[in-house]
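After this come two complexes, each holding subunit A, first together with subunit B and then together with subunit C.
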Partner chain A sequence: MDIRALVCRSIIVLLISFSGIAWSELVIRVTKGNDSPTKIAISPIVNVGNLPRFDISRLVENDLQRSGLFVATPREDMLSFPSMLKDVYFRDWRLLGTDYLVIGKMSSKGPNKIEIEFSLLSVASQKVIFRHKVSGSAAQLRDLGHLISDKVYNAITGIRGIFSTRVAYITAIREVDGMIYRLHVSDVDGAREKLMLRSHEPIMSPSWSPDAQKLAYVSFETGRPAIYTQNLATAAREQITNFAGLNGAPAWSPDGTTLALVLSKDGNPEIYLMDLQSKQLNRLTQHFSIDTEPTWMPDGKNLLFTSDRGGEPQIYKLNIATKAIERLTFEGNYNARGSLAPDGRTLAMVHRKTGAFHIAAFDLQTRRIRELTTTSLDESPSVAPNGAMLMYAMKQEERGMLAAVSLDAGVRYILPARSGDVREPAWSPFIR
Partner chain B sequence: MNKTFTANSLTVLLIALLFTACSSTPVEEETSDTTTIQESEVTTAVVEAPVQEEVMELEVLADTVFYFDFDKAVLRDESRVALMQHARSLKDSPRSIRLEGHADERGTREYNMALGERRANSVKEFLILEGVSSVLIEVVSYGEERAAAYGSNDESWAMNRRVELK
Partner chain C sequence: MYYLAGVTVSGLIHLLLVSFLLLNWQEPSKIIYFQPKYIKAELVTLSPKLPAKSVQRQQYDQLISEEKQQDRERQNRNIEERQNAENKDKKVAPESELQKKKPAELRKKERDSEEAQRKKLAEWESLLDREAQELEAREDEEVAKSYYQIIRQRLSDNWSRPPSARLGMTTKVRIILVPTGRVVGVVIESSSGDLAFDRSVEQAIRKVNQFVELQGMDDRLFELRFRQVTVLFSPEDLRL
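Up next is the complex of A and B:
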């Protein structure tokens, strides 16, 4: 995509309010550019029977708008709130400029089981695109809402939705007894934040297992860096490494059996593989420079990593079997911490050409670099499992915040933190 | 000046009043005996020894924080001077030390971990070359995770690119 197309795309600024958590469910105000996103109306899902009061339609609206590809028809503009096909007057919706309409109803199916039946309609063709049922407990209402968003997004864009995914991140907050570091996991909209670890010592580099059941990370809780894994459901932890020097940058292999990591026990930082079962190490790099930040290619046979063996940090590719190394990036004087999109072709990375550090997309085939962000201290890109967006860490008024940008740079938004610094977002793989 | 003068006059007045109050009886002038003060000559009998002066070596505390340039791990001259002093004292009285390497916030976190370690290692190597036993030295890098100065500007960054000897 050329620069003009980038500029012409609508830049959507999403303003977000927040409450008791690092950030919370996003309330979005959209500033449109000259390119109109798809207009979709979510008719309030009718609550049949005595079910918990929860505005699931609003959650779906927020999800879809956060993708930047949709704008929701305001509820107050709707002339009716249909829940069945026979109540839909397509002409009314066409007058509102609505392209798609979601209708549905929620009903009780036995003790603690809620079922939502919903349909996606095309206003232009006056047709039902799909009818679908989802069910779960009262505690899973948010999950049901995100599932509806995923289905709708997928049907219209052809891309799998990421609204049911999660994000891990680190916060650092200065409190009365000093700096407190925390590792959190929350829904990707910021809701249901869960504390995984709290420490007076730094926590770094969260990395998801491919089944989204575990996290690997670095914690300094012993006074030295060490790599740990932690099960999200049970909170059970295991210390994986305890070597002298660096123990860092864990990255789970696509098959979940192996951790790529960085150890400096033999003098300087080198990339290793560790078999998680046997704890056997396999050293992959042999160089006196800094080798760090391994990230897996989807084939599980190659790694990308950062090295300053050429005098400055650049991205290299490493074949695990042959240990052959190839330099990939040449443009700019700092390219580091790659996060690969699932297509195995687009690498999001930290990039510096002049003074500022931006997030850029590097095309492994054409070797071209596109800058995606404009602020100056951007770092830690993490691509969503559908490859449409990425989250990264930025600084605003000297505070660390998370932000998201689409890989075509058309959509950007900030997730402001309540207090302290938020950093190192790690977007989960698809859940289940 | 004026104030002092007024205060003084008041005191004189007060004393004068007191004096008049106490001397209700006519004042008799006493003619004092004209005793002449005899000055005796005092000679100091104790002869003191000359003052002793001992030159003590002043214990100047060498810097324990060493600063670096951006993306560099090269020791500055002032760091070398301080480290030579540390090396001397560590050789005289060995103790375990910890070198904590740090980086500024620019660039990626794991790369900065490596950079912090590289800085701490260059301090370690200098101490070893000065004769300090390597078993006494532990190196830990904190990368950019433990800033000494908060702020996204040159001053803060310069403060954060450091190795701390503990």
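Up next is the complex of A and C:
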């Protein structure tokens, strides 16, 4: 009987210990999601007083939709246009399937000062996520709208909004007196285009200074390529280089003191650094093949560049201090024109594997390439300062257009069409 | 003349009334308590289900019945002995002390063994109780798992991660439910560190709003496992 009891007891103890293991698993783990655009409703911002009639809510709607991460609830579906919290009936918005709601009102604060008070509400949780005020002059209504978009985008997506940033690009239009090249700067939505330079000769490679105050570019206006910098506010220009041969591909260092550029004054295209104060040059590459298109790593200590030293254009990494060079891309027979995301990890570039040129993202850590576009002849990618999107030049019906694609390849949109060819977009850094 | 009494009385009454008015007197208001005739409620006892009799249980029952019988027999014997002893005592009152000592020792021994047996029984009893609880818990576990699966699926379907979401981010939340399956509270127990990620988690739960499938659940199980549910949101299907 003793043995029997012992056996029974041990079985029971075993059972208890086993079920004890099963018991501890009380937490539900959710590891998958269903990433779909967030549904947001922008209730028309109420205009209190005699203010310029401008549909700022529509601007915010368009901004958010263009990011691909949002779908706006159509205004005609809205049951009410609340501007204050007490007028919000969450049930109505829930029925429309809206996740978030933006309400606000615009009022006049003194001469030529407009204040917009706006709130972001979560419909599902029925609470206020934030309440903000922005103010500016009547001429700045667009800026205020983009600011609202930035705030809303940031709160929901967790990344900084780029609606207040700008883009530089070059147009080429055939006019009566021949081909006219222009350098423009506009808002990222294509509005408020500002002409920086008009020339009969080509303009190339616009590049933003890190403070977004200046542009560097290559202009052939003297008949030969030369690098210039230009202040956006004052339009003042300065010629930086005028060497024999090629002067190209300027790129500002992250601290804004140095320009990386390509010169062929010593034979074939090599990468140099130029101190913008002293104009002192520092040659970085020594190779008989073409080295071009330098891009700064965020640390300011390394450059990425394109070289055909391996027989075909590929991306290489260069340590500025040691001048050590490492080849990064091996996949595909053409990888060039790198533009690095601010995290220093994702490189957007022009990539060719078989026939067509696509924009692809190269992960510097995993060394894997993802194709982002499907059209052919895509060129000149430029990553947005928040790393979520990039702009590139593409061909549509034989015309150059600008398009934007999210780095997760979810959305693509083409910037408003204009006459002539549009090429070489350069997305500005964040504007403070 | 005979009006005098009436006039004085009425005058007094008027005086009284006027004084009441002046003093702002009010009839003390009565608070009426409504007493319900009976309280319509039932006492709910959550009696645990009786687990199926296991093999050990049967063995145990057998053992108990055997032991009980033994006990009974022993008791009978004791009684007989005692009666005999008493009879003897009556017959031969002050006999030798040896005879007296012997039954006392015997009795002590018997008592000890009985106590040991009782202890053993108690031990058995508690072990079996625990076993029964375990069995029930495991049964619950099986049912609960299917509900967990439903909850996981519904949350997954409604979870739209922000682009700032990265592999390795984890948000732990406690969802507070009512028996209809409706979400009445969401508590972030540990944040991922990314505000937008946390918000997407809460949004997913709020979007589900009600886990309709939980309505048919056993009350006891709901109270035990689903009044509060802890959920860990950590993406594994992201690129970065």
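Keep in mind that, in the parts below, the second predicted complex is superposed on the first by the 395 of 432 C-alpha atoms of A that agree within 3 Å, B and C clash if a C-alpha of one lies under 4 Å from a C-alpha of the other, contacts with A are read in each partner's own complex, and residues count from 1 in each chain.
What we mean here is this: a contact is a pair of C-beta atoms (placed from the backbone, for glycine too) under 8 Å apart; a residue touches a chain by one contact, two chains touch by 3 or more.
Bear in mind that the values here come from a model prediction, so they are computed numbers and not experimental data.
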item	value
Subunit B versus subunit C as contact partner of A:158, first or second or both or neither	second
Subunit B versus subunit C as contact partner of A:88, first or second or both or neither	neither
A:408 touches, of subunit B and subunit C: first, second, both or neither?	second
Contacts of A:395 with subunit B and subunit C, given as first, second, both or neither	first
Partner chain(s) touched by A:380 [first = subunit B, second = subunit C, both, neither]	first
Touched partner set for A:372, first subunit B, second subunit C, both or neither	neither
Partner chain in contact with A:122 - subunit B first, subunit C second, else both or neither	second
Contacts of A:313 with subunit B and subunit C, given as first, second, both or neither	first
Footprint overlap on subunit A, where subunit B in one structure and subunit C in the other make contact	none
Residue numbers on subunit B that touch subunit A, as the complex places them	71, 105-111, 113-115, 117-118, 121, 139-143, 145-146, 150-152
Contact footprint of subunit C on subunit A as seen in their complex	1, 4, 8-9, 11-12, 15-16, 19, 22-23, 26-38, 69, 99, 122, 124-125, 129, 155-159, 388, 406, 408
Subunit A residues within the subunit B interface of the complex	179, 202, 204-205, 220, 223-225, 245-246, 248-249, 262, 264, 268-269, 290, 292-293, 306, 308, 312-313, 334, 336-337, 350, 357, 377, 379-380, 395, 398, 423-424
Subunit A-facing residues of subunit C, complex	56, 59, 63, 127-128, 130-131, 134, 137-138, 141, 148, 151-152, 155-165, 172, 186, 194-197, 199, 202-204, 206-207, 209, 225, 229-237, 239
